[in-house]
Amino acid sequence: MPSYATNMRLKFSILALTLEAVTIVLYALLVVYDTGDAHGHDGNVEKQLFLINSVSMCPVFQDVHVMIFIGFGFLMTFLKRYGFSSVGINLLLAAFGLQWGLLLQNIWHMHDGKIRVSIEKMINADFSTATVLISFGAVLGKTSPVQLLIMTLLEITIFCINEHLVVEILNVSDVGASMTIHAFGAYFGLAVARVLYRPGLRNGHENEGSVYHSDLFAMIGTVYLWMFWPSFNSAIAEPGDPQLRAVINTYFSLAACALAAYATSSLVEKKGKLDMVHIQNATLAGGVAVGTCADMDIQPFGAMAIGITAGVISTVGFKFLTPILASKLGIQDTCGVHNLHGMPGILGGLAGILAAALGKKDGVSPGYQACGLASSLGFALVGGLITGLIMKIPFWGQPPDQNCFDDSIFWEVPEEEEENEERLTHGDYSKNKTEA
Amino acid sequence: MPSYATNMRLKFSILALTLEAVTIVLYALLVVYDTGDAHGHDGNVEKQLFLINSVSMCPVFQDVHVMIFIGFGFLMTFLKRYGFSSVGINLLLAAFGLQWGLLLQNIWHMHDGKIRVSIEKMINADFSTATVLISFGAVLGKTSPVQLLIMTLLEITIFCINEHLVVEILNVSDVGASMTIHAFGAYFGLAVARVLYRPGLRNGHENEGSVYHSDLFAMIGTVYLWMFWPSFNSAIAEPGDPQLRAVINTYFSLAACALAAYATSSLVEKKGKLDMVHIQNATLAGGVAVGTCADMDIQPFGAMAIGITAGVISTVGFKFLTPILASKLGIQDTCGVHNLHGMPGILGGLAGILAAALGKKDGVSPGYQACGLASSLGFALVGGLITGLIMKIPFWGQPPDQNCFDDSIFWEVPEEEEENEERLTHGDYSKNKTEA
Amino acid sequence: MPSYATNMRLKFSILALTLEAVTIVLYALLVVYDTGDAHGHDGNVEKQLFLINSVSMCPVFQDVHVMIFIGFGFLMTFLKRYGFSSVGINLLLAAFGLQWGLLLQNIWHMHDGKIRVSIEKMINADFSTATVLISFGAVLGKTSPVQLLIMTLLEITIFCINEHLVVEILNVSDVGASMTIHAFGAYFGLAVARVLYRPGLRNGHENEGSVYHSDLFAMIGTVYLWMFWPSFNSAIAEPGDPQLRAVINTYFSLAACALAAYATSSLVEKKGKLDMVHIQNATLAGGVAVGTCADMDIQPFGAMAIGITAGVISTVGFKFLTPILASKLGIQDTCGVHNLHGMPGILGGLAGILAAALGKKDGVSPGYQACGLASSLGFALVGGLITGLIMKIPFWGQPPDQNCFDDSIFWEVPEEEEENEERLTHGDYSKNKTEA
């Protein structure tokens, strides 16, 4: 009986409280403020620089924060009856993810057995949650909050291992994280989606679509991601020229990408109309694809070239590839993360290899860049498959097919629903005003 | 005849223009730019530092500005037919409030009879409006713009007296203003709500509820408040370690609070479903509760403990306490500000007393902290009762019970309403598309 | 046959791709990073200052970016069925416009035949797009994306000529661009609207109006523009006192303007109700009008006086002037840009002349200020007429009258539309829930 099976009352609250309890204990044991005292010998000067630098990072931190919570959250509100889950579960997963991510990202290099929290580490913690929010897009509407908390725990753990290997050990350059976040998050999510394949949704679902207003809510997410992407790609870049280049390259890549996405969207529709799905997503592909070489000396036109390519690939992917993935490979990618994060992420990795080969950044090796891309994809696919199998255990309150893409199974939804039902049965229209 | 009684044409415009006229005269007499010249002896160096510091505060000022106008404004749009008033009157009250607040906050320490405006003073002026916007939440839907302008005038005046006493005279530490803004604003509003008690709404009102889209609009407010709270709590903190601690503590308190709020929300609903009212509000309680000791050396896990406690208390309050306040005490708290600002504000004050007792901040006395809390509550309750009595005078165009929670009494509302009426009577559905 | 005439498939995609292709070629030839090396003799110190200054401008850049893409985009979503175009085409035009504007604004002063991109130049590029977005408001709902891309190309070109003449050659002071952006954009758009006059819309159009939720979406745009205007007016001000004055003056001008707009809105409606159209627009007029003298020493009360005047003029304009412009002059101004940007822009120019005459800024001449205003209006009107004539060529897929103000002619719109149709014909209400 679904209503029981999906009753989260104990499963969810116990899991969430347990995770938070474990986290706070670990924080009590391991996490302290970074007072900057540990930096360098001349404490005084070093500390002043540390404080100045930390304060100057706050605006960038807030921009990234907006991308994570407003950008990703509202981007997924396009579904007609899944807006509560999109914004709400996005907040839940990111709120837990950033606490967990901060722990695992820094477990590798502790000072005196302590993790020292700074603004920069908080930015990286926000970044780590992006992987989960991308994967969330692939399984949106077909999973329970319990499953998603489990995915958050596992995916961030695996992400931190791959990130440590790629960035710290292999010294791969990936300032905007095209490979370690976007490609990783996308293919991790696609692997999970494959394991959780639902034959019952083969022919779609009446709720798997948008309504006029839900598409406008989604545009809030799109535009915020589009606007603040320069902060995302430059946040952890080396101060000075590299950081400024990251801002400028991302700005132009996104601008060029937008034109390409609009043009392609119109071109692939037989009546030449624009498709909101393309505009909401493909316009952002330029930010993903320019990520790896955002801080490299590729010049504005180089960034624009990457952006245009990403915009075209992403739009074409939504139009032609997504249906094939679903029908042929059994990968039901709700938000089309393969087109927004997957392929553009790989494109970014390849662009980074090329830029490295062309010597656009000192000390960067094409070979190691390639290893970084391969590693990210490998960890994503294997990690996603394992995580998917764990999520598949029929105990996490996954919604039955007919209740997919519907908030009302996990949320108290305002009465207008019932009113409508009622209206259908008793022909009572007097509540119509409540739809105003 | 209500339509006359609630006709604001002269009352509102005359009051608003009079208030603005008085304000501009006072500004002409008293307010000048702070050019930084008055600071210190060595004008030149001091001035450079002043300018650098002012510019560095602009991003924080903008974050606070967003919390005041988008955060508070949209948080209250959850009501199905009261969105215009929520965002619109929020803007009106804050726009007047910041002008009035800047005057009264600085009347105490003028230089050569002048108030010198700086970015920091603008941030404090924004803060002063937050008290009114919190109280607005308690009386939302049951008051006229005229009444609310009167409340703004009086509440900010009383707030400035209490703030001066608590912060300047008693030297109480309340960097995030848990006591002086949140607890004060909440209990002030609850006192007003008590005086304006409407027996006619004892059994609720058909418009006192949300619809699907209005809950999504409200989430815009929730997420912005959640994201920028670190800026709110650190905005006026002492630069350096205290300011960074305020950012870090608030970040972790909110993250832990979100988990606790989600878990508790599911736990208290018999089917384990999440309730949007809890998610929209209780997830923010951690920002309120950590306010007083945000800049203290409580370490991240301390902040998280405060956040978890606040999230649980707030959610439980919405579920069990709000109905009791309404039925037993005649306090009809539309937005549940008691749960979001009231109890968490007191919790923040208590946490500050404890932190002071544990010596988490030099020169802070538990006793004085307790006095600060008591003073804030006292001024709020007495001030609120007096203000409520003035607002109760049957001349300010208060809406009749049946028109409560309805924009159309004070706003021109788009024709779709009439269309629906019409539809009900003439069975004409042809305008249905306009609902798209 | 309209469906063919308005089929954009080839026209739009070819035009968009061609424009982007030309742009990227020009960037490859002309645009490089500004590494700061070209500044001054002592490369090292100069460069450090350049980098510090550039980084400090990033938050302001992001604020301006938000105004352009969220502010302008959502401000225009008030129309019931034109939200996709408002946000979507706004993004398209701004994305192309900033690339084109950066080229033309800097073509006048290249170093070694190169344009050096910096954050400041990106802010100016964003500014240049504002002119187009203002004009877009005048013709909103009555033009095709193809026409609008053409308008973007031409308007930004003409804007850059006038801006160069006014600011660089005449040394006119217009830090907030009341004249060169707001008045220019408004009268350019009004001239285009005059040429594109549609007698068929003389009596209005059933879609030329808002619904409840669309007005709330528009408030997102309003509030963001209102909040970040201080950044807009101070972004390119001289660092130090002038920049701080620009922030402070704009803050108070907007606050006072809001009060005046609310009061006037209520005063001019016979029942004293507030009108969303006034609140969404007239509350912003203070930001426009204080633009020219934002950085001048006019003191807060001076800024407030400008704001109040702008708020009253703008509201009265919406109420009484807009209908006359449409009926008597054949100027159909969809968003009322004449009231928000036109008259307040002229007011700003006049205030600048007065402030210059009163010596509020050194080296600024009333005469030259007047020339700047006259030049901006002249270029706008002549440029707008010519651009309008080009846009009028019956080949750009302009929508037929009956399809104006309707997204569905250029966008794939969610099925609920069809459902409604269906419902009307077959009386099937079962899809009603999808409106939830």
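Should a chain be cited, it is by its letter among A, B and C, assigned in written order, with residues numbered from 1 in that chain.
One rule holds in what follows: contacts are C-beta pairs under 8 Å (C-beta built on N, C-alpha and C of every residue); 3 or more make two chains touch, one makes a residue touch a chain.
These numbers were taken from a predicted model, which means no experiment stands behind them.
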{"item": "Cα superposition of chain B on its sequence copy chain C - rotation in ° rounded to nearest 5", "value": "120"}
{"item": "Copies chain A and chain C touch via same or different residues, half shared test", "value": "different"}
{"item": "Inter-chain centre distance, chain A versus chain C - centres from mean C-alpha coordinates, in Å", "value": "32"}
{"item": "Contacts with 2+ other chains: residues of chain B", "value": "56, 59, 81, 211-213, 220, 413, 416-417, 435-436"}
{"item": "Residues on chain A engaged by chain B in the complex (per definition of touch)", "value": "3, 7-14, 16-17, 19-20, 23-24, 27-28, 31-33, 35, 51, 54-56, 58-59, 62, 65-66, 69-70, 73-74, 77, 81, 83-84, 87-88, 91-92, 95-96, 98-99, 117-119, 122, 145, 211-213, 217, 220, 410-417, 429-430, 432-436"}
{"item": "Interface residues, chain B side, partner chain A - complex", "value": "56, 59-60, 63, 80-81, 206, 209-216, 219-220, 223-224, 226-228, 230-231, 239-241, 243-245, 247-248, 251-252, 254-256, 258-260, 262-264, 266-267, 269-276, 279, 283, 297, 299-301, 304-305, 308, 413, 416-417, 420-421, 423-424, 435-436"}
